[in-house]
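Several structures are given next for inspection.
Shared between the two complexes below is chain A, which pairs with chain B and chain C, respectively.
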Partner chain A sequence: MSTKLLGERIKRKEDPRLIQGRAHYVDDLKLDGMLYMSFVRSVYAYARIKSIDAAAAKSLPGVLEVITGADIKDQLGLIPCAAGMEGLKIPKHYCLAVDTVRYVGEPVVAIVAKDRYTARDAVDKVEITYDPLTPVTDPESALGKDSPRVHEEFSDNLAFVAKLEAGDWKALEADSTLKIVKQRLINQRLAPASIETRGVIASYSLGEETLTVWSSTQIPHLLKTQLAILTRTDESRVRVIAPEVGGAFGSKLNVYAEEGVACYASHRLGKPVKWIEGRRENLLGTIHGRDQINDLELYVKPDGKVVGLKCNIIADLGAYHQLLTPAIPTLTALMIVGCYNIPNVWVETKGVFTNKMATDAYRGAGRPEATYIIERGMDLVARELNMDPVDVRMKNFPEPKDFPLALPTGVTYDTANYQKTLKKVLKLAHYPTLRKEQERLRKKGKYLGIGLSTYVEICAMGPSSRMPAGGWEFGMVRVEPTGKVTVYSGTSPHGQGEETSFAQITAEGLGIPFDDVTVYHGDTSVVQHGIGTFGSRTTAVGGTAVFRATERIRKKMARLAAHRLGVKPGDLEFRDGKVETSDGSKSMAFGDVVGEAYYARQLPPGVEPGLTEQYVFEPANYTFPFGAHVAVTEVDAETGEIALRNYYAVDDCGRILNPLLVDGQIHGGLAQGIGQALWEELVYDENGQVVTGSLMDYALPKAHQFPWFDTQTTETRTPVNPLGVKGVGEAGTIGSTPAIVNSVVDALQHLGVRHIDMPLKPEKIWKILKTVDGRQ
Partner chain B sequence: MRIRIKLNGSWREDDVEPRLLLVYYLREVAGLTGTHIGCETTTCGACTILLNGEAVKSCTVLAVQADGAEITTIEGLASDGKLHPLQQGFWEEHGLQCGFCTPGMIMAACQLLGRNPHPTREEIRQGLEGNICRCTGYQHIVKAVEFAAQKISPQSTVES
Partner chain C sequence: MIPESFEYHAPQTLAEASRLIAQFGQEGKILAGGHSLLPLMKLRLASPRHLVDIGRVAELKYIREDADKIQIGALTTHYQIESSELLKQKCPLLPETAREIGDVQVRNKGTLGGSLAHADPAADWPAAILALGGEVEARSESGSRWIPAQEFFVEMLTTTLQADEILTAIRVPALPAHAGEAYVKFAQPASGFAIVGAAARVVLDDAGAVAEVGVGITGVAAKPYRAAAVEGVLRGHSPTAKRIAEAAAHAAEGVEVNADLYASAEYRTHLAAVYTRRALEKAVERAGGK
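Then we have the complex of A and B:
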């Protein structure tokens, strides 16, 4: 048996239950006496509630409870917002609308019935009369003096302004040799749209006075604390379980109204209450992502060196703050210089209330926007200076020896070699050949586009001093008396595969078979503490906690074995199921050392019986994975149709623990980033109605829309954690969007096309092709 | 209404409401929760099952319409404790992440390989058009289906 596991392609431990239909997602759970909840939601973007008539619903056989905002107003707390910034306006966010509705889909009435169908029938029987108000839908005009206000309690719709200024702008603006490249970039609203929608079961036990909640969440521990506060329950009596979670992408990193109301209903009725979100509800009432308007100015020297970046960011926050709503656009400012050390930076971010669902963390969360801004910007610089986009990037990259690199944005990039990934992807794509092909095709009136993106992102969130609710993570390892090993992690993976990679860490650390390790997560009564899975933190922060806890086990076991073998603990190695000296002359079976700990007959002085160790890892910095992507597109000159012909990606996520999982994360990320560039858009009309409220209208990418992704990696380790891993969950999404747009603009550049806003739908391209001059 | 269905190899009879969707019959009456619901509007494919050998989205069929039919769900795919080649392929090639789309994806792929034992990558992608996966970017799913195709009827050269 080999004990080398880290870096190996190992099949996932989680898969057997998933491929046989034996896993349990929230909706698969059935409890005794369980009731079902459904919601009546606002059909208006902005309106006063005049009256609610629920008599017909109440009289429906099987309906047990009808709950309105008035019922819960004083019984349930407000939906929390963890982001704190100076001057932030935080509107009251009730679990059910009180007096006023502020977005389409806002929950107004909850109905609890004996079964799902009855609960849904009852929804149709509730009569609500509204007094419609003029909705605020455009975030720019929302800032105007005459705009209606989303919240009358505030003087305007500006939720916050955050400024970031560094460098010497006086000198820069006086320098007439600099070229200023300007562009407005729109980053459209998206729906995370995990295939499993949200869902919750709340079960309040009137006897024990305990509240158990199964929720499709990324943050069971944070949710436990927040639900305790929200429902005014002693936190010691609250347990949250994240069962199997069917995708999340940031959308389940939150505390939602429905979770609060389910707890309330269960408490009132003394029965478990289940709510499963419908797809339309998911598109209307689960957080959205992106939605920024970015006005960019780059100050550029004649040789292509970018010396200044100015950006006005308008972020459409929607009507209320969810958990991290205002924090997300500030991540854009933090990463806006990308992988270029631009000394002068000026960013003003305005968060704006509108009558829409809240935006919040969607895969990448603020960094895709940053990357889009700077990477579109670099291509515009190349165009204005008539340079190759590769040369502009090379010109502005810092050298590998410059790291750690403190940036004017206030973050310190750990390690990087941007030149290496770029060179590697150019080779992979045969870049010079592609350019020649492009030339040739142009002469024939065919439009081939080659788009580049060199990104850096911020991961492994993060140092607690900079996080809204702690950035540490908890890990515990328990060696059972039989020698099997149990790992407990405070993270809450939901598809990323850490049951596998964490087992790799511990099995390799203890020199035991991979199959001997079982990983638990997602249950607050099983795992003592935790923060959760988001921000590409699970392996870098959570994995490190597991790694350190494993080290502590080793230390204790080495002491026990040394005591028996008469050697020094430092002389012992853990390999092949044994604890032994490096020459193998003195050796104990792993299980026998475990026996020492549990039978405890001859423990060294001062050593406690048992074999459980924990570790809470607090990262000193974030990590900064990076990469270089090339997208090759063909634009049909007649129809405007875009064919994505090739996609090449070289990503560096630090040390790779399991290449299979890394590939999976990259592919999935690419699909979402490409989806934004080409197809996806969550559309509200001017009345605040959602136009894309089903999967027929919201264009989730399908298999045949993608080419074969040609991916490679480089491995630049980070010193921020002992594993050297950086994180990979969001990289693909962050890097790919600008590569696609750069590619399509590149295809049409010779026609005078300078920029096209996403999504690049054929109609849009067709219109542009009809109007541009110089069609060849 | 009383219906009779041969479910994963054995007949059963149940009284169901006429408006009960087949997917809810499978999940809540028969207790087979491996078939998932992602949209209820025939778009995502998470609820795909085999109905008389055809891949069907069980959210578009009423339970009563399946009266007398033979149904295979993900739970009925492995035989004698041995994983179906598609299940093996999804495991081997990391064809799933959250796993929510997976049962539907596997059932759709079942029909695909039944009709075309050696599909090209393009044909696999086209064949899975009715199934959405938000996690994997599909590439490993394509590989998983290729793996299964090879396993079910080996060919000396694998098409690409």
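Then we have the complex of A and C:
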């Protein structure tokens, strides 16, 4: 095939409009007669609402509506939770608090006004009196008998317990030759903090009785169904549009109270209603990520072979379930053995209610926690046995020939070569030289750290049998009468660049110029079905649907051309804008074949006019990308400051369709993963107040804080889909966090330091250095 | 993130600006680069009824040399200072400090005068201006006065500027021979502001002893201050590594040290000493001392 596009470093179709500021986000849309909404939010973590006095707000000129929990209680449904697990406690989650508030930032009153200034002014005029209750802020003591309860309708704060047990633990525990390496690890709470906050416009048309919703979301189709249920609107009359979305990282894979209330307000007033989230609202009231306590035990043979893994997981879920809140920590258990075939596994996960915002999917969603657990664990094993961390990993990797590999955790890894990525990154980093440098510097009292992380993650979500709302994806290709090609995807990319990679798939498949293909997504009236963009699924699942739909177009076009040329369809190739026999002796222009379909004068028998094909791809398994990272850090012995000197990453995301897109995902992912290790932490104080409620306090990573990332790839194609792609959206975030912590602990290991919890704030390091200094 | 309503005024001259400020009194606020004031207004922590935007007052934008002094108009942006060839030669501490402020966008909008008038206890400029022993000019309809930097900062977000006064200029000494300056900063990872910022200026005599020394510290206390105790240990002595370290140990002496999520008082005190030492070491090295 001469029109080679797959695998090429092609610039993104999306970029010109994004770079020039010409793209349209929710807040760029202005509708005739549009009204603005704002929210009064709880200032208490836990309190009874005694009274709400909204008279002053209502009398403010320009205020049209003040809505409270009592108003919507019987009018709007509950915010949905899609996670189904045995014995799960699901609290009633209203769009506006009814009687009780359970976290700081919970929406209590909504105000609709003629402009956003008036809407905001009115917020200050609402008087709410509260009866404060004792908040539950520590997930561990929340499990105690005497703890106050977040929901009085339940007997305790335990939302669920999930157990995973495999292997022969009796035999293992009786084996006295095994060493048990134990460590408690804290995976702190994070804020996704996308640059574009959330935002929604709901427009209910009283005449047509249709509801159109523009929302900054990752899941327009799922949102359409859920909003139809929530607002009790006939789903056929609901349309959801995700315009340009400025980052999400899982936080917009959800159905939020504000979306429901906007629909309600628009219906009542018969006008479009817009709400744009402020940054403080975003940090308080958009889902958080992570927040687990992990008590790990590894059972290890003297030669370094890990034969058992035990982990108690306490997951702080916050006060209410958002769409996938309880499901996220169970992904930790699923991936907890990492790249190692550990035969005996025992994991107990407890999901706990606290008076905080819900946790839910944040880039990596459960797998960064798993990777952190096992990768910190492997370093602790190395230290215990006085082995090089490289050797411990090599010792425990399965061989490439062992794949597909069914694991005791219940998943089957598709294919991998962990040895190859690790060797490649060690070469890239000049590992032996680094170790020598470390020795030299230690003698001078300087602390150089070399940290390793070899990760595997779970992508391409996923087989429908294992997904809460279906795991398939929809793709459609239409060749227009002019020969231009339109691709429709049920995914909802928001920065990842699939308008580019999907165009590559279809243009190469049809042998036409890349620029002749336009990709649409994110509008439920334009794209018939869809699941969305999350779980590194868009290319592996959604791209495959586009690939298959393109194949169907080829098949039909080949039939039409063959009919005209008097050859067999199988003899024809698509190249350089032509459909022709391989020797080129019989040929038709691509546009002429398209004409056959549309003018329909000489169609072969049984062939319908037109040229539109669709495909719904149902994946048979997940995919499991992997990689090996090395972080080199320098710790300032005097102040505890950490300088990240080098970062080396070798990632294998299966087949690479466009290296530019892969680089983008890896670089951004690394920044976020390193951000967790070094800086980020969403802090609640003991009263349940958010201490880091602005970006002056919540330490998002910034470009100037990073060195150049040295990245390379290997390509191990997956057999799970015909493209061979695995997924790369979350890999950087998953692999990098433990590499950094391992690096800093490695820098201080000779001083007796064994573990430091994240984020690795300089003050923490300084305090540790002060206590170990004497020992030196 | 939406301010209360206000009236906006855009005077073209200093005289007009002074008149408006006098007229509005407590109800008015000067708007310079807006990079401190607008965030406060969006959070509704400040709600002036009148904003007097001095951005068009051309006579407040300049950098000039005046005998052995450098004078800078209040509206000069951080970036203009950072990139000034004159300052790189004659007062390198200022470009070095400017580089530490925020990011490119902030440096393109924020002004020297705005930062000083705002008096954020963790802002960078105050440390440098204090170390240099600079002065600021305040003007009102009734006249003008020069205020030494040390008398300018009163407490957090408060200066000796009167409600009807506009900060119009900053004056600092030009770099003499055998002198060196340096600014070093331990930045808060979220805001980028100083947890500790230490500025040092050292002038050596012919024998290589410290003839003049100025140390300004920001981020550590409720207001930026001049570290007199540090200066006292150094003045008149040869700036050996040992003496510098001894001196720097007094960096947080006599002040009530801040504590927050990123640095306890104990840690900040330690950082103040370390960063003061590092600033002094650099300054001495640049002065040609050992």
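Basically, the second predicted complex is superposed on the first by the 770 of 776 C-alpha atoms of A that agree within 3 Å, B and C clash if a C-alpha of one lies under 4 Å from a C-alpha of the other, contacts with A are read in each partner's own complex, and residues count from 1 in each chain.
Here is the rule we use: a contact is a pair of C-beta atoms (placed from the backbone, for glycine too) under 8 Å apart; a residue touches a chain by one contact, two chains touch by 3 or more.
Note that the coordinates shown come from a computational prediction; the quantities given were computed from them, not determined experimentally.
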Exercise for the section: Check the residue A:Glu641 against both partner chains and state whether it touches chain B (first), chain C (second), both, or neither. Expected result: second
Problem - Touching partner for A:Lys761 - first (chain B), second (chain C), both, neither - result: second
Exercise for the section: Give the label of whichever partner, chain B or chain C, reaches more residues of chain A. Expected result: B
Practice task
Figure out whether A:Tyr520 sits in contact with chain B (first) or chain C (second), or with both, or with neither.
Solution key: neither
Exercise for the section: With the two complexes superposed on chain A, say which partner A:Met696 touches: chain B (first), chain C (second), both, or neither. Expected result: both
Exercise for the section: Check whether A:Gly497 is in contact with chain B, with chain C, with both or with neither, and answer first, second, both or neither. Expected result: first
Exercise for the section: Classify the contacts of A:Tyr117 with the two partner chains as first (chain B alone), second (chain C alone), both, or neither. Expected result: both
Practice task
Pick one for A:Val683: touches chain B only (first), chain C only (second), both, or neither.
Solution key: second
Practice task
Using the superposition on chain A described above, determine whether A:Trp169 touches chain B (first), chain C (second), both, or neither.
Solution key: neither
Practice task
Across the two complexes, find the residues of chain A that touch chain B and also touch chain C.
Solution key: 116-117, 278-279, 695-696, 700, 702, 704
Fill in the blank from the handout: Residue set of chain B touching chain A in the complex reads 17, 19-20, 24, 27-28, 32-41, 43-44, 46, 73-75, 77-78, 83, 87, 90-92, 94, 96-103, 106, 121-122, 124-126, 128-129, 131-142
Problem - Interface residues, chain C side, partner chain A - complex - result: 1-2, 4-5, 43-44, 103, 186, 188-191, 193, 261-264, 267, 270-271, 274
Fill in the blank from the handout: In the complex, chain A touches chain B at residues 11-12, 14-16, 18-25, 27-28, 30, 116-117, 193-197, 244-249, 276, 278-279, 494-497, 660-661, 663-664, 666-672, 694-696, 700, 702-704, 706, 708-709, 732
Fill in the blank from the handout: Residue set of chain A touching chain C in the complex reads 116-117, 120-121, 124, 278-280, 638-639, 641, 678-679, 683, 691-692, 695-700, 702, 704-705, 761-763, 766-767
